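Two complexes, one shared chain (chain A), two partners (chain B, chain C).
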Partner chain A sequence: MKRTVDVSIPVGPVHPCWKEPTRVKCETRGEFVLSAEVELGYMKKGIERIMQGRPWQEVMFLAERVCGICSVIHNMVFIEALEKMSSIEVPERAALLRVIVNELDRMQSHILANFSYCYTIEHETLGMYLLDSREKVLDELERITGARITCAYMVPGGVRFDLRSEDALHLRASMDMLEKEITRYTGMFEHGPLIALRSRGIGILTRDAAREACAVGPTARASGLPESDRRLHHPTYRKLGFTPISREEGDNFARIMMRFQEMLQSISLIRKCLDILPVGPIRGGGIPGAGEIAYSGEAPRGELSYFIRTDAAGRVIDIAIQTPSIMNIEACCHYMLTGVASMADVPSTFVSSDPCIACTER
Partner chain B sequence: MKEPLYEKDLTTMKYDILVSQRHDRMVREIAADLGVPQLKVRRYIMDHFDMILMENLPARYEQGKRVQEEAPEPERYLGAYLYTHAVPLIGEDCMDEIISGVKEMIRGGTSMDQAVLSGKSRLREAIAP
Partner chain C sequence: MTLLQSLKNFVRSKSIHVAYVDVGSCNGCDVEVLACLAPRYDIEQYGIFVHNNPREADVLLVIGAYTPGWEGKLEGLWEKIPDPKVAVAIGNCPISGCLFNRPHTLVDPPVSKHIPIAAQVPGCPPRPTEILSAILSVAPLVYRDYEVRK
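Coming up: the complex of A and B.
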């Protein structure tokens, strides 16, 4: 006679589908997942502690190193927090260049997240296509900022390098090519019957649960919470007429589709920036001084918040970073994974929330 | 028998999370609101919450306080949503029992403040017996 027993199944810390080490302990009854809990601590950096007492000129480089995937937004939020604290103005050209670089960063992060999901559900062909597109985005980032990942592009009062006219032309051509590719891959994902089997109706995060767990970013927007997008509050994005996208399903499929849709949105935002990019300075000057601020920006994974206190010399006295992955991993493990019908769906559901352990263990 | 490879005692790491700037502020506020020693609040959180929930507590606490402000009386004063959903220190059944006890006292003529104080003492007993 067949027996069903209650067991605790650990997934990780080292797992072929995890990009970084973490341990998810699933309590199961047969194949049915009853609950899950997370153990962290395999790659704690203590970066907030390292930042304390250092001048902002050093901390801006450290901030980028919190995450190796979405480093641009850490740089942007830290610098914009300092600017807001010390009332430093940014020239319009620089503000638009920041949006271009930030959206390129969002695209490469979303592509990597969707690659990881495709890889996890064994659709490696689409995964590899996506990685090929990511290289094009990283090439554009390198062309504008001089680096692929840790760009340190934003400085108080502006940006480091201007966009040359030939680079702008190249960027437009790349956006045209990427739009075609992403549209094609979105179609592949949307209409793939095997993808649907592994993704639709699995790992559901309801709107109420998303709100309760403070889920953010594409994870929240795939559960019908468009107002969670911090870009709605950013002056440059508002000038560009930004409106967030959202979906209602709240399952793995919705989260991946959400990222595909946001990539196309990023392309359109970059084009808008290029269309209205004025001629002018890229640095307005200004030195950060003493103050205290809580400032948030929209990272590829959701709301990223910095709580900073500086002294008159611009040294960071206190700093706390709240990364979006903290909220999204919590939402994933305590809401999405609870009730998953098969252990086989645990890795894919976990990856669909785009967990960044480096951010979580900052 | 060999030692487990990954089953470690997480107490130190959990404590490190709880003494960070924003967590510490949250623990102090909860302890002051409930009249429980900070040490007991920390102990309870470390015993009952996993690491990712602990990391997410300040965000949940802030959001819980916002939701709490719109709740009716006496739920608002007792932190019904805050302590069952946002920072789940107490089960929903137990909180419902406390709320109905408080409402019963108010119906019986006890002032709102007195009834809430009595409810809070029952909350204290549940969290830190």
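Coming up: the complex of A and C.
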């Protein structure tokens, strides 16, 4: 079919609003975006090729560096896959500590995503408030694990460090403070009239389109697909009585609100963990052996899957990683961006799906 | 040095524009550069403005271990930055390739093979304070006696 296209506008690879290099090519007629296409390939490092043939002790650190923003979940999924493969038991205290650290990581990732969105629609005040809260979350992460970004907290059979009682008190106090702050920022975002003009009804991803595009994570849940949450299948989250949240609108506003709501949910999950945290060991025994497994977990951006095959010495023979962002980028380019009324909404719509290029390309 | 020149040097060192480019890292250093914007570190109180536009930048922060996708493009980007300019390597990746520099990798570190690097901030990732102090230490050098040197 012949189409009238005025101009094809490239956005990126170096763009003021984007943290990482990627390029979106938009075919436009006037300001109206007819179709969009993403061009990847600026960050391909070949991590899976480096991983092959290396012992798990090394692959553990490489897995963490697939993505720097959600490093904890990459560590967690890799280690839990090894544990499930070699049937290594985890003490209950360690399992709960893993959930605490994972939820802290999810919070900081969601805050960063919402900061990026607020920065893109030029609501810098709210963006800076959010970055300030993120530092508080990172402080807690550093107090528990010893590092801000790449913590390598989980090891097969448990976790590295115990949560001291004074740290638990501090964590509770921080959660109270963060809950207050995030509730306030959620209100600011929800009731801001100018934010609504830039966000409501823009970049709509309907429920059927989300299912067709295999969208995952907050992007899918904002379009009414709560069952996409992999935490429903995790034994520790099940014990905590986790139920996913979802929204129906499927526009930019819903995706950002979804993340705000998930932050509050993370806070309540951390509190629940602290309430039932038993006294006991944090590390059981066990070393990974030979086996083959496919295992998934819920990253801040959606479902993260690892396929691992190891030999008897614990060397990784074969590994494949599927990260959530690629599905969301597909959904963004083929469904959200088509029909966006203005070029100015292209970066904000792209950012609202929280693309992480580093883990997409690896 | 004339009084006018030293005045110029002082004033110009207090207004630095920063752009950052990720040439293949894990994203950890990007978020630490973003954390510099946070009110706790507040990079703008030192007169440094991060807006990621290479055409107006004075300092280019290079993050990552030079992937094949950036072949020729990083050099092009460096050309587009107007003189005077410096590049600062953030993290281990642009210095040595960190743990991506192994057999079968696609990356080609160090970045200093491709563009001149004035300062290096090692760390995986470095703390925001370290990034901030590195930018502050190169900031006075960017413009100093620029007319004379030219």
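Quick note on the criterion: the second predicted complex is superposed on the first by the 357 of 362 C-alpha atoms of A that agree within 3 Å, B and C clash if a C-alpha of one lies under 4 Å from a C-alpha of the other, contacts with A are read in each partner's own complex, and residues count from 1 in each chain.
In this text, contacts are C-beta pairs under 8 Å (C-beta built on N, C-alpha and C of every residue); 3 or more make two chains touch, one makes a residue touch a chain.
Source: prediction; values computed, not measured.
Between chain B and chain C, positioned on chain A by superposition, is the outcome a clash or a fit?
They fit: once the shared chain is superposed, the two partners occupy separate space.
Is A:Leu304 touching anything from chain B or chain C once the two structures are fitted on A? First, second, both or neither.
After superposition on chain A, A:Leu304 lies in contact with neither partner.
Look at A:Arg23 in the shared chain and tell me whether it touches chain B only, chain C only, both, or neither; answer first, second, both or neither.
first
Just to be sure I read the superposition right, which of the two partners does A:Gly41 touch: chain B = first, chain C = second, or both, or neither?
both
Touch check for A:Glu212: first (chain B), second (chain C), both, or neither?
In the superposition, A:Glu212 contacts chain B only.
See if chain A has more residues touched by chain B or by chain C, and give me that chain.
The larger set of chain A residues in touch belongs to C.
Between chain B (first) and chain C (second), which does A:Thr150 come into contact with in this model arrangement: first, second, both, or neither?
second
Touching A:Leu171, do we find chain B (first), chain C (second), both, or neither?
Neither partner.
Could you tell me how near the closest CA atoms of chain B and chain C get once both structures are overlaid on the shared chain, in Å?
Minimum over all C-alpha pairs of chain B and chain C: 7 Å.
On chain A, what residues does chain B touch that chain C touches as well?
Comparing the two interfaces on chain A, one with chain B and one with chain C, the shared residues are 13, 41, 44.
Which of the residues in chain A end up touching chain C in this complex?
Touching chain C: residues 13-16, 19-21, 41-47, 49-50, 52, 61-62, 65-69, 71, 112, 115, 128, 131-132, 134-135, 138, 148-150, 356-359 of chain A.
Chain A touches which residues of chain C in the complex?
19, 21-32, 34-35, 37-40, 51-54, 64-65, 67-70, 73, 77, 98-100, 102-107, 124-125, 127
Mind listing the chain A positions that touch chain B in their complex?
My answer: residues 10, 13, 23, 37-41, 44, 48, 211-214, 307, 318, 320, 322, 326-327, 329-330, 333-334, 360.
Please output the residues of chain B touching chain A within their complex, sorted ascending.
Chain B residues touching chain A: 6, 10, 13, 20-22, 50-53, 55-56, 58-60, 63, 85-86.
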